[in-house]
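See the structures that follow.
Next come two complexes built around subunit A: one with subunit B, the other with subunit C.
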Partner chain A sequence: MADLTATGPAALRRSPLAHLTDALRAATVTGPRAVALAEWPCAAMVSLRVDPASPAAGRIAQALGATLPARCGRTASAGSRTTLWLGPDEWLVVAPPGAPAPTAELAAALGEEPGSVVDVSANRTVLELRGPAARQVLEKGCALDLHPRVFGRGQAVSTLVGPVPVVLWRTGVDSYRLLPRSSFADHLARWLMDAMSEYALPEVD
Partner chain B sequence: MTEQHRRLPHGGRIDRTTTLRFTLDGRELTGHPGDTVASAMLASGIIEVAPSLYRGRPRGIVAAGVDEPNALLQLAGPCSEGMLPATTVELYDGLAATTLSGRGRLDPTPDTAVYDKKYVHTDVLVIGAGPAGLAAAAAATGAGARVVLVDEQPETGGALLSEGDGDGTGSGEAARAWAAAARAALDAAPDTRVLTRTSAFGSYDGNYVLAVQRRTDHLGAGAPAGVSRQRLWHVRARQVVLATGAHERPLVFAGNDRPGVMLASAVRTYVNRYAVAPGARAVVATTNDSAYDTAADLHAAGVTVAAVVDSRPHLSTRAAEFADATGVPVSTASAVTGTAGAARLTGVTVRALDDEGQPAGPGRSFACDLLAVSGGWSPAVHLHSQRQGALRWDADRAAFVPGGPVDDQQSAGAARGTYDLAGCLADGAQAGARAAAAAGHPGAPAPDEPPPWAAGSAGPGTVRPLWLIPGDDGDEDTHFVDLQRDVTVADMRRSTGAGMRDAEHVKRYTSLGTAGDQGKTSGVNAIGVIGTLLGVSSPGALGTTTYRAPYTPVAFAALAGRERGALFAPERRTAVHDWHVGRGAVFEDVGQWKRPRYYPRPGEDMDRAVIRECRAAREGVAFMDASTLGKIEIRGADAGEFLNRIYTNGFKKLKPGFARYGVMCTADGMIFDDGVTLRLADDRYFMTTTTGNAAAVLDWLEEWLQTEWPELDVMCTSVTEQWTTVAVVGPRSRDVIARLAPALDVSNDAFPFMAFRETTLAGGVPARVCRISFSGELAYEINVSAWYGHAVWEQTEEAGRPFGITPYGTEAMHVLRAEKGFIIVGQDTDGTVTPQDAGMPWVVSRLKDFVGKRSFSRPDTAREDRKHLVGLLPADRRTRLSEGTQIIGRGVPVTPEDGPVPMLGHITSSYYSPALGRPFALALVAGGRDLAGRTLIAVDGDELVPVEVHSPVLYDPEGTKRDG
Partner chain C sequence: MLLVTCPWCGPRDETEFHYGGQAHVPHPADPAALDDRQWAEYVFYRENPKGPFAERWMHATGCRRWFNALRDTASYRILATYRPHEPRPSPQPVETPTAPPSPGDRRAAGSSGGNR
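Moving on, here comes the complex of A and B:
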């Protein structure tokens, strides 16, 4: 049997928004209300389910180099990898494009204990939204409170942006990552480009 | 051009240096920035608008805000809009409008303007930016709270914008200077947002408030394209302060609808805010002190005030002050009982009132072209009441005021009956500080001493309400209560005469309060009139009608926002989508997914394309994008036990490396979903679900795991989009797989039906290849990471090229599966079909328990005459019956005279079968399994088509094609 967690030739990969690369670039808004959108293509992702109080969770934390975040909205980063809280016993481990998905090492850490480790790298893609107007763009379609007092840098939540379910992850003062299911990526990208367009125009209060 | 001969030489919030041109009912007029259409009309001496809706009576501008009942406009534009009060439409250059008789026109032209939405959270939401609202927002901002302040007007300041200098102290100007400074401080605060031109129209549980912002209309032709015209704000606030002000009530007397009769506060607004004299000679009729501010400002503006007519028996302090200062005669214990004029008002009749409020003594006539009326004030309790906040009748104020709390809300200023400016400022500051503290931000700065200008308007004082002023001839047919609906006291008397006692009943009997203005000027007056007619002393004993959202009309387009056209609903796409588009696929919607339905070649219609695609699958090889199937990884020591409980058939003993078709039922024993599940390892399964049910199945699994069987060691992970699934189908599919996956032994012995293998494809992509068939043919499904989906799809086509591989869509898939009697859940089943009904008793285990099993022992699920899935062949070999066609017995009469026709069932799937060379159908037919070989009748429109009943498996019932 082949190792299905191994990746294939990079040249054959195609990310869900590859066809919109130029359109995303063209949608960039500059100026005082700048905002830009790009795909962070083919990031590695692993779905992790485990009882956080179990010994396996401890071994997994060791493998990740960070304690599993324990509350809604929290993330934990170690090296280039970040673990996002998705539920009381569910996390998403994200590694940057090019990095291998840590499926095998996490599966080894889980061992025979209850839980699961599944490579979901292609299940979602990542959109990066950056710029002073990024929060305003998101506020057109996200019902959550995105004020930095409430949703700060390094926080991530499952929510809706427009009609699309996403994990929304704030990575900086003016930068966000959105992780939709791959099938929704095209629609989400078009929704975001539409929402961004007004910031290239003179401000109306 | 009509010169603006009614424009006052000084003052007002208008920019006299810029002239705006507009047309009204075809007349060319001018105005200035800062004007509304109504104020510009009045500046040109135009008070009259289109006649009334039902009675055709002359009507004029009555109000200066959202309460306007008469002056309704149809605005020209790329998409014309109707029923806009002229008192709320800001003037812009080039505006063109017609006045309406109470009914607008829907423009069939698609509205291409942009509408959008915005979500905002705040500690304190203040609604209304008058003195109370500004003070509340300032206090909450000072405490460090996040604040949103909304106001429907283009400028903040509320009633302060209408304050005058009639007392000669310059208090109006001072008030506006205070408002401007308060606004500037709010604008400078980083966490405070002020939204003008924004109407909070709906208030919902949990302090969720909807407000619509008019962003670009006032810019006219200068409105930038691409910026939303209106924006719907979804506000979630920890605390809400309602500083929504109050509406003045008109008076109900004979001929009170004549153009020239205006609300006294509106007259004051036109004089002070817009620098317009709405008339040359005025009479003021009032029940309270507030109209004296109007009278004083008119007098100061040089308009002759012929008389003030006051219902109260004694001269109030304010009235005496006014009379002393101006020399205008004030008649106490008096009322206007009638009006004169052809259309516009030319005079009024005034009579003294006795203690009961009945006219007594002779009538006196006053010539005037303007009658400013004040029947008292009604706090704008709409948003409070929308949240089921109680109301209480306050006899002193003659008004319904908030009488019970709403969680985390408070009213301030005129909205709760505090009318004097000093009181409004104090009220607002306290409410803002309390709200901020309740939201976690105590420490609002101590409020300032009331500024001197706040002594300017002291409010209505003591009120002597006059609900119904009898006319001179006993007639009540021109005593208008609701001007927009043309409802008079005579109409109301008919309803009380018919036995109605409740305001809600009278409202529906007369249509009072149901127009676009939603009774803002008529609601409380109507209750007063009903009380008078019924002899009920206090309106409080009758209560109000229900206040519902929206407070002011909202365009459906604003509610829709961007959810139109391409952004209406999300489209889910597979990794191969662009290839399908490139091949000219015609798509169909399956749930939110876009799936290729067929790939027409030039000149082909759907039927011909589908026949070609079916033939390729049955005779050569074809391939299809099956990526939309739901996929769930299930892991845990108890995964097998769990699946045994979920599926009607067994999965615990399935060997790793093999796959099995399974059916799951709901607790009532009805088919819920189906699909093939692979056993990847002892503790890992890979489930597939139907495309449309993927999320529902995952929810179902989680519900059982979390609520019923938490002791099971099982975890479910949705991996639908992780995998691209390419189905390769047909007698030559083995050849294609052999080329695509050279490392795989594809012989039937080494790779049997319902087995799967993991391999690396020729191109280097790891893959899981299954031998699964949804067509009866030899078939494979190749699963690869969706990153490689597009590449592997193209590789499959390349590998299949020597064999003429053909892409096929869902329509051919349906034909192929239906020929084999394979069901589609949700098409051939509808939540009332058991696996046995669907012809699959073999899939229901007798050895183990599973969800739905107990329901199979119910007598109803064992009935012999349940509807069974059968195959039907139209006897004429030609008719393709419509899905949904009813099935009846032979010889059953179908004429109306013969009464109801007993229905045996209906067709669930119907196609033309290239393999059979004739159309066929699947149907659910009562007792159908026992009718094989019989002929029934399909009622296809007017045609009665004989159909032969067969087993649902019409193609290759022996299964000879499965292994190639």
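Moving on, here comes the complex of A and C:
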């Protein structure tokens, strides 16, 4: 039998949107209403559940280097890792592609207390939408108020974009990350490419 | 489209939520002691009031938490939402008061209520 452990499971991973890389690049819109879509493949993600009032939450915050965000929409970044609020006792820790998932250190910080630390890197993929028209593209399919005064940089919420449940994360003035479940990623990517296409044309008054 | 206020996430579209039936149905203290009729009543029998009704809802595409909502089954207005371990709020002080409906209105509005 082939030695799968030599390269490790990470080397065997195929991103859910590997087949769309060229299509995503071709869908890039330039000009005054530019918008571009790309996949941020194989990011490391850890699902974290713990009582935020417990001592374990304090130890985990120490391991992460940032306090666990306490409210909907909040995120906390430390180094290359960001912790997104998913629920009152649930968070998603996202580390960039190639970085190891911090499962072991978080599990050690949790110790024997109730909670869970699970590597869910394959659960979702990350789509990056950037450009001056990015917010307009999202507003076609997202009912939330995405104006910067409400949904600013560094905020993340679970919601629907089009028909797809995603974690929507604003990373910059004109850049967003969308985290759909892997099996919905193809549909969401095609939905976004379709939504982007009109911005290549001059604006109609 | 209704805006439902999740106790953790704030107002969101109704499409983000799942409905979970009547709230505050206590699990029998001693299930083995129930006869078939009592068990059937616990499992299947639910209130069907016209007016404020405490229900369970779940924020399916948000924080994925169950919570309770007080909904007027005649007007479909959500009067209050609250976390599972909080007591049922009184339906009176919320929302704008409306004129008491005449008996004719009441009959006409009856069919628009009910569960989803």
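Here is the rule we go by: the second predicted complex is superposed on the first by the 195 of 205 C-alpha atoms of A that agree within 3 Å, B and C clash if a C-alpha of one lies under 4 Å from a C-alpha of the other, contacts with A are read in each partner's own complex, and residues count from 1 in each chain.
In the analysis below, contacts are C-beta pairs under 8 Å (C-beta built on N, C-alpha and C of every residue); 3 or more make two chains touch, one makes a residue touch a chain.
It should be emphasised that the depicted structure is a prediction, and the values quoted were computed from it without experimental measurement.
Peer 1: What is the contact status of A:Arg74 with respect to subunit B (first) and subunit C (second): first, second, both, or neither?
Peer 2: A:Arg74 contacts neither subunit B nor subunit C.
Peer 1: So, does A:Leu201 touch the first partner subunit B, the second partner subunit C, both, or neither?
Peer 2: Only subunit B is touched by A:Leu201; subunit C is not.
Peer 1: Using the superposition described at the top, determine whether subunit B or subunit C touches more residues of subunit A.
Peer 2: Between subunit B and subunit C, B touches the greater number of residues in subunit A.
Peer 1: In the overlay, answer first, second, both or neither for which of subunit B and subunit C A:Gly87 touches.
Peer 2: second
Peer 1: Report for A:Cys42: first if it touches subunit B alone, second if subunit C alone, otherwise both or neither.
Peer 2: Once the two structures are laid over each other on A, A:Cys42 reaches subunit B alone.
Peer 1: Going by the contact rule set out at the top, does A:Arg59 touch subunit B (first), subunit C (second), both, or neither?
Peer 2: After superposing on A, A:Arg59 lies clear of both subunit B and subunit C.
Peer 1: A:Arg153 contacts which: subunit B (first), subunit C (second), both, neither?
Peer 2: neither
Peer 1: Kindly classify A:Val120 by the partners it touches after superposition: subunit B alone (first), subunit C alone (second), both, or neither?
Peer 2: First partner only.
Peer 1: With both complexes overlaid on chain A, does A:Ala143 touch subunit B (first), subunit C (second), both or neither?
Peer 2: both
Peer 1: Find the residues of subunit A that appear in the contact set with subunit B and again in the contact set with subunit C.
Peer 2: 143-144
Peer 1: Where on subunit C is subunit A touching in the complex?
Peer 2: 1, 8-10, 12-13, 15-16, 60-65
Peer 1: Can you name the residues of subunit A that touch subunit C in the complex?
Peer 2: For this pair, the touching residues of subunit A are 72, 86-88, 90, 143-144, 157-160, 165.
Peer 1: Which of the residues in subunit B come into contact with subunit A in the complex?
Peer 2: 116-121, 146, 191, 196, 215-216, 219, 224, 226-228, 234, 236, 562-563, 566-567, 569-575, 577-578, 593, 628, 633, 635-637, 713, 715, 717-723, 743, 757-760, 763-768, 784-792
Peer 1: Under the definition above, what is the set of subunit A residues touching subunit B in their complex?
Peer 2: 1-4, 6-9, 12-16, 19, 42, 47, 49, 112, 114-116, 118-124, 139-145, 147, 150, 162-164, 181-184, 186-188, 190-191, 194-195, 197-198, 201-202, 204-205
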